[in-house]
Each structure stands twice: as C-alpha cells, then as structure tokens.
Amino acid sequence: HGVSSKLTPKLLEAGLKVIDLSADFRLKNPEDYPKWYGWNHPAPDTLKKAVYGVPELYREKIRDAQLVACPGCMAVVTILALAPVIKANLIDKDHIVVDVKIGSSGAGAKPSASTHHAERFGVVRPYKPTGHRHTAEIEQELSLIAGSNVKVSMSAHAVNIVRGILTTVHSFLVEKADTATIWKAFRSLYQGEPFIRLVRDRKGLYRLPDPKVVVGSNFCDLGFEIDNHTNRLVILGAIDNLIKGAAGIAVQNMNIMLRIDEKTGLNQPALHPI
Amino acid sequence: HGVSSKLTPKLLEAGLKVIDLSADFRLKNPEDYPKWYGWNHPAPDTLKKAVYGVPELYREKIRDAQLVACPGCMAVVTILALAPVIKANLIDKDHIVVDVKIGSSGAGAKPSASTHHAERFGVVRPYKPTGHRHTAEIEQELSLIAGSNVKVSMSAHAVNIVRGILTTVHSFLVEKADTATIWKAFRSLYQGEPFIRLVRDRKGLYRLPDPKVVVGSNFCDLGFEIDNHTNRLVILGAIDNLIKGAAGIAVQNMNIMLRIDEKTGLNQPALHPI
Amino acid sequence: HGVSSKLTPKLLEAGLKVIDLSADFRLKNPEDYPKWYGWNHPAPDTLKKAVYGVPELYREKIRDAQLVACPGCMAVVTILALAPVIKANLIDKDHIVVDVKIGSSGAGAKPSASTHHAERFGVVRPYKPTGHRHTAEIEQELSLIAGSNVKVSMSAHAVNIVRGILTTVHSFLVEKADTATIWKAFRSLYQGEPFIRLVRDRKGLYRLPDPKVVVGSNFCDLGFEIDNHTNRLVILGAIDNLIKGAAGIAVQNMNIMLRIDEKTGLNQPALHPI
Amino acid sequence: HGVSSKLTPKLLEAGLKVIDLSADFRLKNPEDYPKWYGWNHPAPDTLKKAVYGVPELYREKIRDAQLVACPGCMAVVTILALAPVIKANLIDKDHIVVDVKIGSSGAGAKPSASTHHAERFGVVRPYKPTGHRHTAEIEQELSLIAGSNVKVSMSAHAVNIVRGILTTVHSFLVEKADTATIWKAFRSLYQGEPFIRLVRDRKGLYRLPDPKVVVGSNFCDLGFEIDNHTNRLVILGAIDNLIKGAAGIAVQNMNIMLRIDEKTGLNQPALHPI
C-alpha cells in the first residue's frame, strides 16, 4: 500500500495492464485517501482509470480495463453480502452494522507482538472497532449501487483461525419482507455466478455461511436470516481471505481481462474438515 | 433447564435458599416462557420471588432473596455492557445490535456432531443469528433500567476457543457524546465493583476487552469506542462463560446471600497467555 | 473394519476389483487378526490375494492386483520413513521407537466424549502409548524388506489439529553413518516418486517435515537428522492423514490399477498457511 | 541466559540468595557450557555452589542453598519421569528416547517468523530433533542418580497449544517387570510430594498425563504403560511449562529456602476445560 500509487502510472504509460492488490486505486475520490489512509494520493488522475475489481459487479468493465483495483478482503465479502438488498432497496441505509471476524493471515506475513502465537492464539480481539479503512470502499460501492449515500458501521475482530472471514451484516428492513423476497434479490443479482453460493440449509452443521467450509477455495458463501422480533435482516458472508479476498479474485480478474474461462486456475474445492 | 421449574418450588417451601443456574426463573413474565422457550411455566407464582442474579444491579435484593436466578452467560456480559448507557439514556433503544462470539464450552458437556473437534475446530459459525433465548432476559433487564421498552437485535457465533465470550454491542448515540461522557456513565454505575474492569488502553495488545485476558477469572472487562462517522457507540464486554457466566457468578451471589466477603473463592487471576 | 472381510470375497468372486480402505486385508498372517484386532478372520485365503497398497513399495503388484489393501494412516508414513534405512541395513532392528502425533480427523466422523471440542481442543493426549494396531502392519512390511524380524515400539498421541500426522522415528545406527549415506538410502528408494519429497533445509521455518505443509495434498514429506551424541538417527515423516493416509493413496492405487497417470486427481498442492 | 552468569557472583558476594531461572548455573561441569551452549562459563567456581532446583530430588540442599539453579522446562518433567526407574535400575541406560511436545509459550515472549500465528498455528514442528540443550542437565541429573553414565536421546516438537509440555519417555526394561513394580518405584520416590500426581485411570478421557489437565497449576502428572511386545516402558509426564517449568518451581524453591509452607502461592488448581 502506497508503493503501487507511484509505480502503477508508469506501468500504465508503458502500455501494460495492471491488476493491483493494494488499496491504492480502490477509492475513486482522491479526498478519501487523506481521510481514510492518511496520505495524499500522488496520481489522482489515474484513479479515474481504475475499475473496482469485483467481477460480480463489474465484469464487463474489468474485461476492458487497463487497471483493476482488487478489493480489500473484508470489503469484497461485505459488498457481496449487501449489494442485492441495497439494489432492491430493502434495507434502512442509515443503520447498517457490519461485524467482521477474520483469521491471522489477514495481518500479513510480518511477525509482531500482536501476531505472536502465544498472544494471538485464542483471542477474540476487537482490533478495529471503528475506523477500519475498508469502510471507505464498502460505502463507495454500496452508494453507487443505491444511487444515494450509504453509511456503514463496521467493526473488525481477530479470531483464532489462520484463513477465513465471516462478515455478519445486521440491517433493518424498511418494510416487512419474507424469505422469498430476500432470496429473489440475491438470486437475481448472482444468477449464474461461478463463485457465489447461496447457503441456507434446514439441517446439518453448516446451515449458514462459515469460513471453515470455503477455506482453500475462491467461493463466497452468502446466506441470511430474518429477525421478525426487530425487523432485522442478518446477512452472512464467508470467504477465504487469501483467495476470494486476495490472490483468487486477482486471478479471476486476470482471466476476465484475458478473455479466457473465468474459473481457470480457480477450480479447487474447499478443504474440509480443516 | 425445565427441571428446576418443578423442583425449586418444593425446595423453597422447605425453607431452603436456592441459587438457580438454569433459565427457569430468569424471566418475570410467565408468557415469555412459551414465547422464547416453547413451554408453559409450571410455577408462575414462583417467578415473582426470583431475583435476577446480577450483583452489580441487584446486590441488595440478592442479599435477602430466597431464590436467585443466575443470568445466561451471554446475557450477563451484554447487560453489563449496556446498563450504563441505557441508564444514562445515551443510545437509540430501537437499534441495538448485539454480536456475540463464544467458545465451545458454552455448548455444554454433551458431545454432538456440532461439537465434534474435526467439525467444530476453526469455525466462525453463525449458530443463532436470530431468536437466541438470552434476548428475552437482556430485553427484560434493560427495559427495567430504561423504564421503557428496549429491543435487542442479537446474533451468536461459535468461535475456535473453549472458554470465553466477547459481546460486541453496536449502538447509536441519541446525540453526539464524547469519551468522557461515556466513561462517566460506566464509572458511576460500576464504581467499586470488585469484578468489573473498565479497559481502554492506548498501547499494548489488549487495548479493549478480549476473553483471552479474563479466562479463569470472575472478571467482566468492559470498554468502548465512539464511531463519529456514523454516530455509533461500540461497547465491548468479555467474560469467561464458565465463571462470570456460570459458576463464578453463582458463588458471588451465594457469598452475598451468606453475607460474607463477596470475593470469597473468586480471587483467582486470569491465566495468561493461554 | 470387520465388514469388508465378509463383503470383499463376494466382490472378488464376482470378478470385481477391490481397493479396500479398512484394515481387513492388510495383514498377511491370519493369526495376526486375533492378536492385534481381537477377532478371527473369516476369509483367511483371501488374505493371500491382497497386495499391500503402498505404491512406492509395490507399484508393479498393485497394477495387476484384484485386491489392494490400503495401509493405515500412521502405518504408511512410518513405513515410508523407515523403508530406506531398513533396506540399507543401517539401523538396529531391536530398538526402533515410533512416536506419532495425529490430528482429530484420525478419530473418524462419529462424535464422542474424547472428540468433544471442549475436551479435545488443546490436548497432547497419549491415547495409545502401547499396542496400537498399526504396529502389526508396520512390522510386517519392514520385516519383509529386512528379510528378518523387525520390532517396532510405537506410541500415538492426539494433538490440537484436525488433519495431519507427524511420525518421529527414533532409531540407532548400527555403525557411524554420515548424512550423505542416509540421503543415498532415501534417494535410491524414492528416486522419481511423484508424492515423496525429501525435506531438509538449512534455513526457513519448515526445515524438516511438518504436517502443516502437506495438508490438502497427497505428499509424504520425509527428512532426518543424525544425533552423534547417542548414535541415533531421527527420521521424520509428515502426511495428510485424510489424503496420503486414506482417500489419496486409494486414488493413487486406483490410477495404477487403471494404468492411467498415477497423479490423476491428486495434483492439488498443499494449502498454506492453514 | 548468559547474563546471569556475570551478575549472580556479585549478588552472592553481597550475601544475597539467588534463585536463577536461566541456564547459567544448571550444569556442574564447566566444560559442558562450551559443548552445549557454545560459550565459556565466566564463573566456573560459582557452579559448585549451585543446587539444581528440583525440590523432589534436592529439598534439603535447596533449603540451605545460597544459589538455586531452576531446571529447564523440558528437563524438569523428563527428570521427574525418569528418576524413579533410573534409581531402581529398571531400564536400559543406553536406549532412552525422550520425545517432547511443547506449546508456543516455551519460545518466549519475543515475536519471530517461527512464532507468527499464521505460521505457528497448526504445526507439529520438529524444531530440535537432536542436540537440545536440556539434554545436558537431564543426563547430568540422571547420571548422578544412577551412579553411572546415562545417555538420553531427546527430540523436541512444537505443537498447537500455548502452555504445556508432554514428555514421552520410551525406555527398555532390563528385565521383565510388571505394573506393580514400576508403581512401587514411583511411589517410593514421590510419596508425599505435594505437586506430583501419579495418573493412571482405567476409564475417562485423561487416563494418562496430558498437559491440558495441568495448565494453570504447579502439578507434574506422571504415568506409564508397559509394552510387553518390545519390553518397552513408556513413561509420560505433563507440566505447565510456565509454572512447574518456570515461575512455579522458582516459587516452590523460594518457599523451601524461606522455610515456609512449600505450597504457598501455588495452591491454584488447573483450569479445565481450556
């Protein structure tokens, strides 16, 4: 993060195509960089060229893009969880709570006191209850879908796994809705998507999304439950943060840009039990 | 659960004092039993005699009680997290989201497919996104404090630890408030409480409550962060579900009833690292 | 286990080929069944038809076999670790200690008190310090290689992972040997083997075999260290018990029997970090 | 380690009593320091004054010592496991295999690549198959008990827990012995010891020592099984490496030196489940 903003414009000038895994071209508004990242963007014009790399939303644009900005790991699963109900205008856009649980690989490869096994093992650590940077791209994308300003209240917690993210989205329905209505919103947006699985079983151990069953794969599992008690809609999304949240989505974007089968290199199933 | 409602009236009649760890006398309104637990209460009159066993709220009543109903493990930490700001009337009572993360010991001692190590290890499992029974007692107690109806939107997740609960309360401030105001609400309610620790460090690994640092102890750690972006107040609470959430709080209540030092038998520190 | 011994003879009679994952046809001597398994074998004649399904040792026989008995998970990795030095006659055959560490998936899918997450999590449980049944097939195979009686002192421990086995073989060199000599023994036996990796790095975190780096794959990683202090040779072997120790080796054997590429369906790399 | 060897002589000269948790005064022979630790001891004369701090072996000497050298964490549990059968001359002193499994807290508080949660989680890592420094003090102490040279073949493995050590000692009986004989050796040495528990249940989950049931306590659990198949005696020992393996044994030694109740400050039970 930060390095790419300097390097990428040169690569683009040289006529290369760039798939960027850093945060440097995710935000469209240059002013969001000082606000959320604490530095001024050195190439604000290049931001306009970037396509936000979520194939489920921007497949056509990615195909023709010269610069694709892959999403943040927490952002992609949260955006995918919320996009259908934002698009269908089903929820209150002022009270969206996003409670994320993430494994230790999300902290990167560099050791530190906070990732030392004896200190990191067994935690449920609220490491970023407010102000997480991925909030910016989530709000940007959901606002684009809504056509109006969407605010997200996000908190991130570190849990005792290595890979995997569960996002729990707590939202409030603008009016009573039944399960079929919500399903319809999800199905209409994700019909035919190769890496989205809608999960809601009546039996078994994994009736709703759980990162344990996506580890090793490029899948994003999505599901929900309606809470009639408070008119709440709980949406759950699970991904492997290192695959659909990082390397896998980058490969998926590359495949689209190369106009080859989008699933190339991404066919491996999840590993279970793990 | 269920057994106690039949046995307890007889014990009371015999003049014994009862500290009940089941859910059978937690709810004051008999109609809440069919609603939340699916059975009719066989001794509705006895419900009136029960004191809800949270010493920080009902110490005086517990002292003189014949029947103390110890709280649910998720309920006690959530009530303790919310009581100060409900009492001080600081938050919107219609949009309270409670996102709980709990270890496997919360599921009890009986093996099942869902607690089989190979299936339970490494999960972030949304096992009760809506309709968790502890919602009933949380709403009951907070409504009593508020003097008006409080609704709680609660979801529970199983995480990869054995002991410990983190409750993340997402609430919205009715008007702008600074850190000092919130601290004041917490301090005024918990001044002198032997098992409440208000946690908010500027440095270190455990700047906010984390079950890892309370495991083995009767402490309830509480902390918060204000999210100016959405006017949200995130309150965090951590306990060891087997101690402050079960056996420890029962001993604490017993000590109060016996009029001996409330900390008797509960002085052990948390075990760390673990 | 036990079921197959009755069913398999009928399948063979019907002209089918059988790849058996149970223990029922692993041992050649019918008397070993009452001794190690506690029951008399109902089809002792069929034992003669079975080929022990370790491709690295019996590839040619497997190709033409009608019945292949896949090895026990702890047995295969231990046999692969010891075969080279037994064949090269480098170690004392009376003092072979095998100390196995295995994940919870080795206990099967059926829940029990011993696999209950709250009881199984965090253990280093010596669940079978003596008398483990896999000892029988290890001794059988090593004795065949040695051309004389080999005795193995094996102990099995349950550790806090789901997948994976590490076998630590402690053996004593019959005469001083240097690293090059031991390497030569390993290389000469496993030259060209697609699923054997000889591991011994001077740098990095994984200088010797560790199940963490084989999880999800069909690899068997092997390595060793010489202890000049006591003239000991420590050999280490790591596999994923559900793949090279179960389903993967069965597929490998099937591929050989079908005379297709032995690696078909087994090309997936290990998942790391996990 | 290394610092204490310079500081301690000055403290002793000043008339202070020293309980040293480093390795600097554990070995009696100055030549063992260059051999096992790679440096020359700066105060070889002070080594003579040091008492090796295992109360079960040297209680009387500790009481009157000016300098107590607390044992290494793997050493203390291994010495306690072997002392009874070495003393009773029951095992072959040339083939003693010690296979240790230890949690991440044994690596200390300083973060490194090898303790980074994403890399350390889930390992069964053979981090020191040969040449572990604790071998020196184990051999020293067992040779003193035996009255002759004892050699130990030790390997250490890192497993996926924070606290706890299991030592699995594989030894060979010099002549057939039954369970009663071995028990007698253990009981006669540890009769009345407050922190030694002899464990061997016929039922239940924890029939033999397992660190899971000693975490948080100063106990050393010991047990064994006889393997008639190879005339092997498997001895198992479990401790919490941070208590009986470090701070707890230091406090126990201090209590003895102060002539107060040896259990002072050490009465806390193990925490279970954990």
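A, B, C and D are the chain letters, set down in written order, and residue numbers restart from 1 in every chain.
Assume contacts are C-beta pairs under 8 Å (C-beta built on N, C-alpha and C of every residue); 3 or more make two chains touch, one makes a residue touch a chain.
All figures in this text were calculated on a predicted structure; none of them were measured in a lab.
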item: Distance-maximising chain from subunit D - centres being C-alpha averages; value: A
item: Intercentroid distance (Cα basis), subunit D paired with subunit C, Å; value: 32
item: Geometric centre distance via CA averages, subunit D-subunit A, whole Å; value: 49
item: Chain centre separation (subunit A, subunit C; CA means) in Å; value: 42
item: Junction residues of subunit D - those touching two or more other chains; value: 105, 113, 118, 121-122, 161-162, 215, 273-274
item: Chain contact topology (line, ring, star, complete or other); value: complete
item: Subunit B residues touching subunit D - in the complex, by the definition given at the top; value: 105, 162-163, 215-216, 268, 271, 273-274
item: Subunit A residues within the subunit D interface of the complex; value: 103-105, 107, 109-113, 115-118, 120-122, 161-162
item: Interface residues, subunit A side, partner subunit B - complex; value: 94-95, 97, 99, 101, 113-114, 118-119, 121-126, 129-131, 135, 151-153, 155, 157, 159-161, 164, 166, 168, 170, 172, 205-206, 208-212, 215, 225-227, 229-230, 232, 234, 236, 238, 273-274
